[in-house]
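Presented sequentially are two complexes of chain A, the first with chain B as partner and the second with chain C.
And now, the complex of A and B:
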């Protein structure tokens, strides 16, 4: 059995205090000076270790409190209150919710799977990925446990074009050429950010992280500088300028190049491959209503990898945009109908915010996916988008230490990897490649609603 | 902006119950004034501690404001009353070390005219400056 892919985790402390769901208000006045103060009884020594972060004026009482409510209940004069923190409610937006952001912070800090406690109070469906349930029928088999169990569950996926049949010559010799294939141990690549504070440190964190995890980070052609060159085997160069400006040495060190759709991407792909045949070329397409036909046309012409991207909310372009999972299903099924699905790799990106989204998008037909904002959140981003408006980042992301950032990213990916293993194990699937397009192992709210209610109200 | 307090570093603590959209409303000012203005939202003005106010002065603020809800309108009933006491206490402390007590000020809105945080902040910036650059800052 090959060694298990394992991501080293460590506790990587926050630079700034977290914004927590609830906050303590200790009124102080009216204290009866009890001989046994509830503050001294705190088992987490929250009051004894109290300090104030003067960059944000946040009290450590809130971030260190474990919500046991012992002090709130036991103070005889009811001087300690806990209330919902309005700053927590204001985090992110309707898609990047405070729960998602704080969950990502926890995973990046600890490398552990977030556990919400006993039971789940609902809701049981919602928009986007929440309208999808995976089949966990094998959850009772402990030997399928990919994290601790005996069976090996692989999360490795391939990026590149695949040969559908081996061509043999008259003497039985193999004459077909195998196209280059790049294997990544985790079905995730790091994409360009839709917005971020200026500076190179964030990108360097991504690159250190990508190298440590054995995956790739997409870097714009214009962003290739001496610091980035060191990471070229883990860089996907996105050709956002004149392809002629790319130096030959980049082609020999890079393994994947990404080009935008538009013009004649296949001609450009051929041009790059004539310089380095071992290069995998990825074509980036903005998801939209015409993507299924466009994807088929590109694959028929020889495209190797298609990177289908939605916006940061997982929505495609157009006046009535579909969510990424719907369009990905459509693209996948269209390619299956045309008999070309297995020839090319599909990478989906945009709106991937949680580990479960990773498994769900793969079920909808992606081979792998690209993530962006969660990597920034791993480095304490609050998704306030102040950087987009030219306002200083409240958590000084522009000055982040790349090594610290890469450890946070590795922690987040370790937690996502463990969750992917949990899902695969619970579904009885032993490798991420087999999960792709397994729509029969999932239920979709829209389908169920249609099946159950479509006939209602019809007469005869 | 025709700011009368130009050159002064302003720190504003405020109760978040005053303005639901405070995070969006204060962005224009943050962009205009950069590090010259710092906003610190609090879940209730009663959450303020004299330490907050002193730390703000210590970290380079020339003026520190606490904006609280009008009397009788506190979500936690007496948070703003407690805030008033704490601001008074902090003023006394800074006077003892030779700073002007006016560097810390409590602002309370009126229930009749609820305002957004940026409007209140702009009004404060337009007021005549009663203090100059803090000696804490000028001494580096």
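And now, the complex of A and C:
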């Protein structure tokens, strides 16, 4: 059994005061200055600890309040109220919602799983990943208790091609060659960002983070500078320029190289592997309606790893785009049909925003995932996309300290890892590898609605 | 049935225990007020109280808001000095969430305060989660009141819990609901006793949860369900012998597939003693029962309890995996009288958000699946199916019965009756800031037992009124006629008003 994977976490404070859902509106005018002021009774000592952040001119009242409403309900002159914070509502967009962003902030700050009481408070279901539920076991199937460390659940996955049978020579000697495999302890790699403020510090945070976690970060060929070279065993070089420009020494230190689809990627793969046979080559495909066919063709020609990417909203290309989860299911099932699914690794990316998306995309057929925006959000990004317009980052991400950033990223990944253990544990699955394609252990909105609700009220 | 002449408890007013109840509107009276007292006189709902300088809108949560303007008692128009202003309460929109929006919370508080159906135009029937119960409506023939086949007195809301036909006693409850397990330790003793006493007054049951059987509960033995859960905390032979129903908790909707966790801070000496554990150290309930990995193992559990207590009914609480129908059939053949299906959106205890949202099915899917499967197996009438996990209102209760449940089990609604505002911080620091889910002495003192008991009685009395109304409009004499009547329900995504004969409610 491999050693247990453990991610060190620590409290890594925010640089900026976080934006909270609601704030306290306390009218000073009319205050009775009563001696038994409700503010003194605050269970969370929000008023006692009150201070004004002189840099941001923000009152700690708003971010420290836990919404118990006792001051609102006990003020003799009804001078204290709560109000929704418009800047919270303005965070992100329809997909990267304020709830997702603030949840990521919490995990990056604390390294802990979000836990709360009083049941679930969200929508019944929604588009994309919100239209499925994962299974649990009871009575007839055991669960696994991975989260409190009492049972071992592995989240390790392999990146590379696998041989389906060992070929033997006439004398019984093994003649088939095992292609190289790279193991990552968490089914996640860090991808290139769709947008980001300028500067090297963000990328350095990713690289420090990837090294600490034992995973990889994708870096463009043009971005390979001396600072990045130090991290080469944890870098996936994305060859988006002229392959001839890459120095041969890079091939000896790198373990994974990514190339775009188009042209003849298999020929390029062979060329790279002839320089370093231990290299794993990944082919990057923009997810679309033709991906199932294309994926099969590439695997049939010898592709090792396919990286299927959707846009930042999880949508594929085309006029009527499918969500990544739907197309991933189709790709997976097509490859299963063709009998080649186990030969290659599928990595899915684009629109992965929460820990649950990780488990759900794996259930829909991915071996691993690539993530991007959540890593920026771990470093307090507000998904305002001003950097795309060339406007200064409100949380000064261009100047972020890479060590601080990497600790935030490690915290976030630790929380995601723990949440993946929760899902696997509830299903009674011991390995992330076995979760792949387990669609029978998930429940899909469309199926349940059709079975249960569609016939309701229709007589005869 | 024995409960046909059950004397339902009296409704008594139980106003908010905080100075300012939370309502949808905020009334302000400007300094132009001459304290003529007209507004106090006019308001039939009692929103105002007389004051020395000017009237106080002490009960503004009873105010109808601007929709009152059609009435001749509308204080804003009638005030001779035009000193009264009614505006939306800014705090109100901060309250609640998609499953329990502010209106549903305020509506529930109103029922708990008055025992009556809210008059303020609040939506007290559904939430705004966009699916499940919130998209399902009853198809009620005719207009309200037109199709009354008789008086409400003739309509029975009683259900029988032992349908097995075995030699054990029948246990009939006059309302199709009982109260679910919340352990001593997770909630205060005042909360626990309020629930048990309300259950007793309503002739039904309240479950202890996993945390032992405090002696304060002994007076109510006949209305207590004691729970045997995976940690076996507080389980003793004498407590199993004491009750009429014993419940095995295999899983819970709050965290399907995961074990329980009581934080060290909440393990006071008293809690520790009850659970035979050490004060101050966190307590984990494993998942699953490490003695049950098959239906056969499960049968041993059931046999064991039946042997210890020859009169008790056995209830099995499970959550909602893909194969929930098989689990229920297994439980039936193992000898369970009651199966409680706990859907994944409910629960009161602290749980990882990822589990609450994603693991296992909502009850609206699981219950029909199970009901149909048991019908096909020919055993539906031999077992009692109780639905829980996300039942928020009388309408949810009636809907899930029409979807195949015999009755429901509640938890969150009780806490809301006790003025829980669903801040979701039950687990932090000293526990619930409102003194409900805490063992902190100072905070526990925020609530009085009489008040807590009455609030829960009032709320469920209002629920019963609504259930009787629905049954009457459907022309039914008993809630048992409603079970599995999918034909009286419509899901708004799949059926249009034109396709329906009657009113959608």
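Odds and ends about this structure:
The working rule: the second predicted complex is superposed on the first by the 431 of 460 C-alpha atoms of A that agree within 3 Å, B and C clash if a C-alpha of one lies under 4 Å from a C-alpha of the other, contacts with A are read in each partner's own complex, and residues count from 1 in each chain.
Definition applied: contacts are C-beta pairs under 8 Å (C-beta built on N, C-alpha and C of every residue); 3 or more make two chains touch, one makes a residue touch a chain.
In this text the structure is predicted, and so the values were computed from the model without any measurement.
Once chain A of one complex is fitted onto chain A of the other, the partner contacts of A:87 are limited to chain B, with no touch recorded for chain C. Looking at the shared chain after the overlay, A:165 reaches neither chain B nor chain C. Look at A:426: by the touch rule set out above, it reaches chain C but stays clear of chain B.
In the superposition on chain A, A:389 makes contact with chain B only, not with chain C. When both complexes are overlaid on chain A, the residue A:27 reaches chain B alone and has no touch with chain C.
In the superposed pair of complexes, A:440 makes contact with chain C only, with no contact to chain B. Contacts of A:70 after superposition: chain C is touched, whereas chain B is not reached. Chain A is touched at more residues by one of its partners, and among chain B and chain C that partner is C. With both structures placed on the common chain, the touch criterion links A:134 to chain C but leaves chain B unconnected. Once the two complexes are overlaid on chain A, the chain A residues touched by chain B in the first and by chain C in the second are 25, 81, 83-84. Contact residues of chain C toward chain A in the complex are 16, 18-22, 26, 89-91, 93-100, 129-132, 134-136, 139, 250-251, 253-254, 256-259, 284, 286-288, 292-295, 298, 318-319, 321-323, 326-327, 330-331, 344-362, 364-365, 368-369, 389-390, 412, 415, 420-430, 433-434, 437, 443, 486-491, 493-495, 499-500. Within the complex, the chain B residues that touch chain A are 13, 16-17, 22-23, 27, 30-31, 34-35, 40-41, 43-44, 46-47, 49, 51-52, 55-56, 58-59, 76, 79, 82, 85. By the touch rule above, chain A contacts chain B in their complex via residues 23, 25, 27-29, 52, 54, 56-57, 59, 81, 83-87, 90, 384, 386, 389-392.
Per the touch definition, chain A reaches chain C in the complex via residues 21-22, 25, 43-44, 66-70, 72-76, 78, 81-84, 103, 113-126, 133-143, 145, 147-148, 150, 354-356, 359-360, 419, 422-423, 425-427, 440-443, 448-449, 451-459.
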